[in-house]
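Below are two complexes that have chain A in common, paired first with chain B and then with chain C.
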Partner chain A sequence: MANVVFDNVWKIYPDGTEAVKELDLEIEDGEFVILVGPSGCGKSTALRMVAGLEDISRGELRIGEKVVNDLTPKERDIAMVFQSYALYPHMSVRDNMGFALKLAKIDKDEINRRVEEAAEILDLTEFLDRKPKALSGGQRQRVAMGRAIVRNPQAFLMDEPLSNLDAKLRVQMRSEIAQLQQNLGVTTIYVTHDQVEAMTMGDRVAVLKKGVLQQAEAPQRLYDKPDNLFVAGFIGSPSMNLMEADLESNPGGNPILRVGEQTLEVPEEAMAEYPRVRDKVGGKVAAGIRPEHSFIPDASTPEGGTLRGDVRLVEALGSEVLVHVATQASPVVTEDMREAVDDEEAFARMEESGATGGMDMTFRFDPSFTPKVGDTLEVGVQRHRMHFFDLDDGQALR
Partner chain B sequence: MIGRRWYTPWLFLLPSLVLLGVFYWWPVLNTGILSMTDAHTLRGGEFVGLENFRRMVDDAFFWNALENSLLFTVGVVPALVVLPLLLAVLVNTKLPGIAFFRTVFFSPVIASMVVVALIWSWMLRTDGLVNYVLQRLQIINEPLGWLSDPSLALISVIVVTVWKGLGYYMVIYLAGLQNIPDDLYEAASVDGAGPIRRFWTVTVPMMRPSMVLVGTLSAINAIKVFTEVFVLTGGGPFRSSETLVLYIYERGFEGLEMGYASAMSLSLFVLVLLFSLASQWITRRRAAL
Partner chain C sequence: MRASSDRRRGNAPDQGDDATAAGTPSEPATAPVTPDGGAAGRRAILKRRIAQVAMHVLLVIGALVTLVPFLWIVIASTHPTSGIFSRPPNLLPGDFLLQNLANLQAMTGFARVVFNSVLIAGAFTVIGVVVCSMAGYGLAKHRFKGRGVVLATVLLTIMVPYHVLTVPLFQLMSEIGWINTYQAAILPFIANAFGIFLMRQSFLSFPDELIEAARVDGAGELRIFYRIVLPAVRPSLAALVIWLFIFQWNNFLWPLLVLTTQDMYTIPVALSSLIGLSRIDYGAIMTGTAIAVIPVMIVFLFFQRQFISGLLGGSVRG
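What follows is the complex of A and B.
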């Protein structure tokens, strides 16, 4: 086992595509790091550079303090789980799992022992003599995992290993993989674009945008303290409500956000968290509210603490209800958001609603709350948990 | 459905059924009938029952031709299964200018067999290019009679046939290679397999269906071989390279013994049928595994 260090690593494909740019990331020995980001941001490329399947254009990659830039995959001693599983179709499960060991000239009994042990862990014992074709998707996925764990390698690399499974199996495998990794303690890099996988599986999440690392932090911290607009918009599902708003001065108080006819006063806690907000008074900022940071206002809710709008859509999910409210706020339609939304159509709708004024915000409530479509709703905002970003460079106004 | 009559599908099938009937099934049927007569080209035949088949058993030239055909097949098929695969793997790389080599290797396929065979027959003459080069390289001391030495003639024909077929089967393999997912190779690399190991653990098993196909096609073509032998050696010297079709041709069109030639054709047909059945059986057994 070993640490994996990206030291100013670049990947420039022969056609000039800069898939990964000056990546600096240290993955500690035994750590489970998730790489997330929109499609095409360079996650797979970064992973494949560790595996030795792509050349490194610039910079240095170290596994266990050893520079591996020029080593073949074989010499790097890493194991990889592919999205397609890439099982050898003509080999039995046993041979698939033992293949790497056989190539490493480990003796037969030892191979058998390790394969059977792994099969035991993964519940594959009864399938050891089957061909991959005769297995279900979930079983194939486990064989792919087994092929990696019998190796006892320096690191595991996994590229969207669960994306071909149905939702239920995905939930199950998610926790199994996380647990397995914890028990084995093998350094793991895991690529996904699934929000839940990113938030729940790893010790740390590294967010990439267009080949550039945005932030690498423990999941909860990433969620609570996004460094920039892109991370704020990308992490979380449903995503953070991000609006573009004028920041007005308020003699004798904290600045005030203008949202159409309504205002939101920036509370003291938020000012402490985002001190640079003060520099933006008189200009515009991007302000963010997570869907769950809302409440049903009552008599004690102060003026300047709510947003009003018509209910557009109510999604009752059983454990919670998501209410989409048409507010007078303007959406943030910068390049960061285009990337974070990662859906051209949805982004076009945002741009459109921005032009006509007004955006839909999503709020999360207890399922006992059941507003009707068309109702005018006053939503309380937990303003102390709001986020503020510079509209020009997207950075948090910390 | 509106206005659908029972004969509508048959109308669509009619043109090809007519063509197949006139140019395929009728001749086949006729061959069957002729094989039981002593028909000559210039006179109709009497029914002779299985006499022609009995004659085959006693005909040393028939057995010689059959043996040559089988030798030819045994020589050609393994080479045409293996060599084009290696070639396909080589030209399937992403090296710059590789398209040029693909074209070069394919070009013999579009050339006419007669032309190819003629050119080779010049090159293989005692005073031809092949002997000249081999002598220059001091691989041989005396010029060899590639086409005139009874012990070499069949081998020479085999070499030319393989050379001509390489490109064709290479293209079949190339199509198969495109269907092998890259990540199988990548998984093998990560598992610690070098290029040769990857060839054996990924390429060969994944190409098995293509190899069975190439084996079948080349075997059927080999057992039916005519042009190559006809132009290069004419079956000689001393019938040392005379294959079955050549002998059938000789009996039927030179000896004018249509009845006997038909009987031999029928036995050739059975042989080809056996090859196809065998290959189908192999494919099915593979699929069942």
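What follows is the complex of A and C.
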């Protein structure tokens, strides 16, 4: 096992496309790091560079302190699990799992022992003599995992290995992979565009946008303290409500945000977290509220702590209810948000609602709360948990 | 409504509307039918039967057109020339086969000729399969500068008529002293443009991820090619084997030009040499022709089993 270090790594294709730019990331020995980002962000390219399937244009890639830029995949001692499983169709499960060991000229008995041990761990023993076509999607995925673990490599590389499974199996395999990685303690780089996988599986999540690393933190920290608008908009499902608002001075108090006809006072805790907000008084900022940082206001709720709007949609999910409220706020429609939304149609709708001056915000409530579509709702905002970003460069106003 | 609910319960889709409408899923077409539906159903069944009969008649005609000449060759090979042209024609096998064989051997050294043909067609096929599949793989799966130009050039050679090439090729063979050698008969047409294109097309649909998985597993390029990629394109490979073998087995013009002595002749050349100005031994020619068909049939019957699709089942998603 070994650490993996990206040291100012670039990937530039012959047509000039810069798929990965200036990537600096150190993955500790035994760490489970998730690379996440919208399609085309360079996460798979970065992973393939570690595997040796893509050349490195600039910079240095080290596995276990050894520079591997010019080494073939064979010489890197890594194992990879592909999105499509990539099982050899004409070989049995046993041969698929043992293929790499056979190439490494390992003793036949040792190969059998390792394959059977891996099959035992992955619950594949009874399928060892079957061909891949006789297996279900979940079993094929397990074989792909087995093929990686029998090798006892320096690092596991996983390229969206669960994206072809149905939702239920994905949840099951998600926890199995996380558990397996913990037990084996092998350095793992896992690529996904699924936020839930990103948040639940890894020790650390590295978020990429257009080939540039945005932030690499533990999942909760990433969620709680996004460094920029893109990370704030991308991480979280439903995503953070991000609005463009005027920041007005408040003599004798903290600045206030103007949201249409309403105002939200920025509390002391938020000012301490985002001190540069003060520099933006008189201008505009991007302010974010996570859906769960809301509540049903009561008489004790201070003025300037709520947002009002008409209920557009109520999604009862059993454990919670998501309420979409049409507010007077303006959505943030910067390039960061276009990337974070990763859906041209949805972004066009945001731009449209920005032009007409109003946006739908999503709030998460206890399932006992069941507003009706069309109701006018007053939603309390946990203002001390709000986030603030510079509209120009997208950086958090910390 | 009734029909649709029956279908939901698993009624066989080919039972016909009448049965579906009237019967339960376990009751096939024996159930009573409504008068309107019954007449329409009978008409549909009649139409289907007529279509089936017509198709079978056409297939039988096609089979006869294909098989009768072969049958005639086999029958004719058992008669002397006079028996072949007798009136009414002999439609039953005669007893002159061994004599025809002896004549053929005496006139052409036919055993050697068959050996030459098997050797030349066999070697051509083996080398051709290796060359075409490797070239096709390179053009399909390896990115290199000028790949498009190479492919276009390969395809352009299909447009150059075979006969145009014979003169310069003969000159080349002559200059390197290969006239009347096996290599002269085998090598010039090894890099077959059609074969390369056929293999390229089948490699194109081979998933890149399997190749990458093998690379990560530690396999070298050659091992990936023969251990991972080739087994997945067996149907195309079988088609290529059949095509190359039949091409060379029946090849007449090029062997006629470069093979100059009787002991080097292939079957088509040897049989053509029997057609002289004076007397033509049709019995011997027919015997040689009948023998010539046997290896082609063996190759075809053996490799046609490889025409099985779905070899990639389960390897990748979907």
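Simple rule for what comes next: the second predicted complex is superposed on the first by the 398 of 398 C-alpha atoms of A that agree within 3 Å, B and C clash if a C-alpha of one lies under 4 Å from a C-alpha of the other, contacts with A are read in each partner's own complex, and residues count from 1 in each chain.
Rule of thumb we're sticking to: a contact is a pair of C-beta atoms (placed from the backbone, for glycine too) under 8 Å apart; a residue touches a chain by one contact, two chains touch by 3 or more.
None of the values given here were measured: they were computed from a predicted structure.
S.K.: Look at where chain B and chain C land on chain A after superposing the complexes, then choose clash or fit.
M.R.: clash
S.K.: So which one touches more of the residues on chain A, chain B or chain C?
M.R.: If we count touched residues of chain A for both partners, the winner is C.
S.K.: What is the contact status of A:Pro132 with respect to chain B (first) and chain C (second): first, second, both, or neither?
M.R.: second
S.K.: For A:Phe99, using the defined touch cut-off, is the partner it touches chain B, chain C, both, or neither? Pick first, second, both or neither.
M.R.: both
S.K.: Just chain B (first), just chain C (second), both, or neither: which does A:Met80 touch?
M.R.: A:Met80 contacts both chain B and chain C.
S.K.: Report for A:Asn164: first if it touches chain B alone, second if chain C alone, otherwise both or neither.
M.R.: second
S.K.: Is A:Arg140 contacted by the first partner chain B, the second partner chain C, both or neither?
M.R.: A:Arg140: touches chain C, not chain B.
S.K.: Answer with first, second, both or neither: which of chain B and chain C does A:Thr72 touch in the superposed model?
M.R.: both
S.K.: Taking the stated contact definition, name every residue in chain A that is touched by chain B in one complex and by chain C in the other, in rising order.
M.R.: 51-53, 72-74, 78-80, 82-84, 86-90, 99-100, 103-104, 131, 147
S.K.: For the complex, give me every residue of chain B touching chain A.
M.R.: Residues 181, 183-184, 186-194, 197, 201-202, 205-206, 208, 289.
S.K.: Per the contact definition, I'd like the list of chain C residues that touch chain A in the complex.
M.R.: Within the complex, chain C contacts chain A at residues 207, 209-210, 212-220, 223, 228, 231-232, 310-317.
S.K.: How about chain A: which of its residues touch chain B in the complex?
M.R.: 51-53, 72-74, 78-80, 82-84, 86-90, 99-100, 103-104, 131, 147
S.K.: Which stretch or stretches of chain A touch chain C in the complex?
M.R.: 51-53, 72-74, 78-80, 82-90, 99-100, 103-104, 131-135, 137, 140, 147, 164
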